[in-house]
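Some structures are shown below for you to check.
Presented sequentially are two complexes of subunit A, the first with subunit B as partner and the second with subunit C.
And now, the complex of A and B:
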């Protein structure tokens, strides 16, 4: 098997699995797992936001929950207080997350490394405590519940997220679109600029890249990803709560990303899947399931610094080199020195 | 006389109590290779840092082709066409050799497209391929730059300086740590570049300096000690004293060696 055929096989089977989930899972086990997979998709988008910053620009953010929370509250307050319908509420969630990311990014991306990490935590803590204390508006830790408006109305038929199958496909479509956008950005000229800054920000400024502006763009893009995932999670849970703005939530995204593979497209998805599946299986039998999370994180940092996907890519590269070595030699012209 | 490429007026840089660059007024005419030499701590690299915007001066001004660039930020100065290499080799270690050149070529543009495929930019691609050939790294194009040998990294740095089509190139000890063969390769490349680009070079290897420089400026303790043609500099007593060492010192070293 060559590298390419393995990768195509993986992609096809992953896509087939994701599309068949609403029928496959109830046939195999419980309907409950459809909703777990929906949740995994949402959280993997949230992890992707931490990954965009850490894996591709070299900024370690422990504050992504803030933009997740803004996405969530944008939706909840839009529906509950302003009486918006589905799409305007979705838009409000995303726009408020982007606006918040822009405001905090202007200050945060001036700093790098631990100072950057600290200021992102500080921003998210400020708004966490604000959200907790403004109970009449936000519901504090109890949160606010709302009833779902329909997504589409075609003549007489109504499409709403209350149908678990429709909800699953809606989330799958939005998350896939966001991953596709991120893929396009990473492989664009802008994405190479991000990578250059991650690798060596001094050199990046000397070749003419405006490091500050590029970091700010990345920060706002990451705010967008976190905002979309927060908005989706609000629709999914039909509520918003300040507890999701706590920095522990941000930290989980970082851990999922690192174990799955920072700086890889699908690392966050793999890491999130792993930890949520472990949580769902273990937590009913053993309350200290986060010990497993800690252990896996330590093992990953020591033995697979580029995460599970990084490990896999390493194997694939070696396989690719073996293929190249065993391929019939091509005739090449070499200039004499 | 036409406007010099690079001119400074009373340039000063202090670090706490230390004056690294002391009231330096320098005039570098175009079309020539300038070498800046001087003992360790003479302020050579600090001078480059001031010109390239990595440090802001404590006093004085810097002019590039008549334009006051004092206080500009590094990326702004870079976009004006002043490119530099660093004393400690500095590339993008996890990017491939080709991508190092690719992003360097693109970085001068104001707008980096966020969605177009980078690989579809054929104009940049052909530039990268041509430079790879020129610096002899075509065979290593796909390798992460962090895995290259020291000499190859140095050539890549020169390639990165070239691909951005600078109008003034500041080279900070480009041959430092190179093998003799690599040094020859680099010197040849620099001579080649000098035909179209104004070059200022800091170098410790005197064979390199006297091999490529049209003019030499000697710095000592942040100020100009002497400047002139290589032949004049080689004859200058003060330079011999400050830079090459006094005869007494040499005797002392010899005595110490025999002791």
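And now, the complex of A and C:
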């Protein structure tokens, strides 16, 4: 088994699993888990937005919940107050998240490291408190409920997210598309620019990269990802609440990302899955499941400081070295470093 | 009107002194050890809960003033050894580790103390006339205690062997180790002392605020604000910023609701971050 064949095998089985979820899961357990997996997909997109900034540009954001909240309220207010149908409301959520990310990013990316982390949390707190105090509009911590408009209407047939299977595939499609977009960006010259800034922003600026503009682009992209996940979550829960804009929500995205593996494409997905699955399993048996989550977070950073995906990559690299060692010796011109 | 302003401003001032006790520890841990301590607000919360338990166990309020910092010191030292030390000062990992810690502390309190917030009766009842208003005696007393603790802490840092070691290790670990300072032990002690100080702040504040397992969640951003506005690593600046922020929030609260007050201090904070990231007081001290 080589590394490549293992990874292809895993990718194929993961894709097969994700596509067969609406049939496989009810057969194995019950429908409840289909909605849990839908939720995991949405939150992993949210974690990916923290990962884009921290893992690929080196900016630790503690305020991604702000853009999540804007995506969420864009959808909820669009439907509830403006009477928009599905797609315009979805668009409103995403556009307002991007706009907010652009405005706050113009200020935030001027700072780095500690100061960046603090200013992102400060911005998100300002809007959290605004949302809490503007109760007639936002519903405050209680939030606002709305009823779902249909997604598509072809003649007589109506497609709506009230059908759990359709909802699952809709979320899966949107989340996969976003991950694909992120993958393309990371592997483009723009993405290489991000990595250069992450590794050393001074050198990046010396080779002619505009650090400020690149950071701003990444910040807006992260705002987009968080906004899409917030909009999806609003559709999924049929409501929006100010409590999702609190700094602890942003913190969870950072924790999921780091435990899963920051700077890897699927780290956020793995971390989010781990925490949500444990929460769902343990919380039905034991009220104090937070203890397990807390313990797990601590153990994860002590024993897998590069995250679960980082640990996996380490094993795969060692596997590759073993294969290379067992292969017939080849002539090398230069000693390996 | 004048009375309300005065009352809220006084409340703010005293709250700021207590926050300063907590923010000081955060300043050192965050600014100098490079550890982003999400659990720091919970250290304070644990202090309020310890005060509650010692009052209900012994019937004597004042025992909490000893119990909270002592137990706080022990927990802090254990935390440093078990959780903080293995991550070798990596700031990003410290977020996850202290997030986990925060969950564990909150949940442990929820199991033992319960989820319902409770109020504690101040041991000194009554009011005194002050600038024309009747002001609670206990709050004045708490302010005095906080001032004494702050002064004592700065004296400790300047004049005791452990205090000097702490500053040395913070300043330059390599040289400190070369001079024979047991850096590892100093780190453990440092964490213990900061936890003790935050827990002591909690015990002092317990009759003023509510005793609640989520009590640290609101305190944490406020402490971070004080640390940044005061300037990272500038301890005197941190104290000044905590007092100033709470005082200003108190003033704004007399004309608007607390949320507006909180938003205005957050906006002030953004301005400071963008215009004077080195802190408001750089150049005034040292």
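Quick note on the criterion: the second predicted complex is superposed on the first by the 327 of 337 C-alpha atoms of A that agree within 3 Å, B and C clash if a C-alpha of one lies under 4 Å from a C-alpha of the other, contacts with A are read in each partner's own complex, and residues count from 1 in each chain.
One rule holds for everything that comes next: a contact is a pair of C-beta atoms (placed from the backbone, for glycine too) under 8 Å apart; a residue touches a chain by one contact, two chains touch by 3 or more.
All of these numbers come straight from a predicted model, not from anything done at the bench.
Overlaying the two complexes via subunit A leaves subunit B and subunit C side by side, clear of any clash. Contact with neither subunit B nor subunit C is seen for A:285 once the two complexes are overlaid on the shared chain.
Across the overlaid complexes, the C-alpha centre of subunit A sees subunit B and subunit C at an angle of 80°, to the nearest 10. Of the two partners subunit B and subunit C, more subunit A residues are in touch with C. Legend: residue contacts after superposition of the two complexes on their common chain; A:184 is shown touching subunit B, with no touch to subunit C.
Closest C-alpha contact of subunit B with subunit C, superposed model: 12 Å. Contacts from subunit C toward subunit A in the complex involve residues 30-31, 36, 38, 83, 86-87, 90-93, 95-97, 99-104, 106-108, 110-111, 217, 221, 224-225, 228, 232, 257, 259-260, 262-263, 266-267, 269-270, 273-274, 277. Touching subunit A in their complex are the following residues of subunit B: 52, 54, 73-75, 78-79, 83-84, 86, 90-95, 99, 102-104, 106-109, 112-119, 121, 160, 164.
Subunit A makes touch with subunit C in their complex at residues 54, 60, 107, 110-111, 114-115, 117-119, 121-123, 125-126, 129-130, 132-133, 247-248, 251, 254-255, 258-259, 262, 288, 290-291, 293-298, 300-302, 305. Contact residues of subunit A toward subunit B in the complex are 181, 184-185, 187-193, 195-196, 198-200, 202-211, 214, 217.
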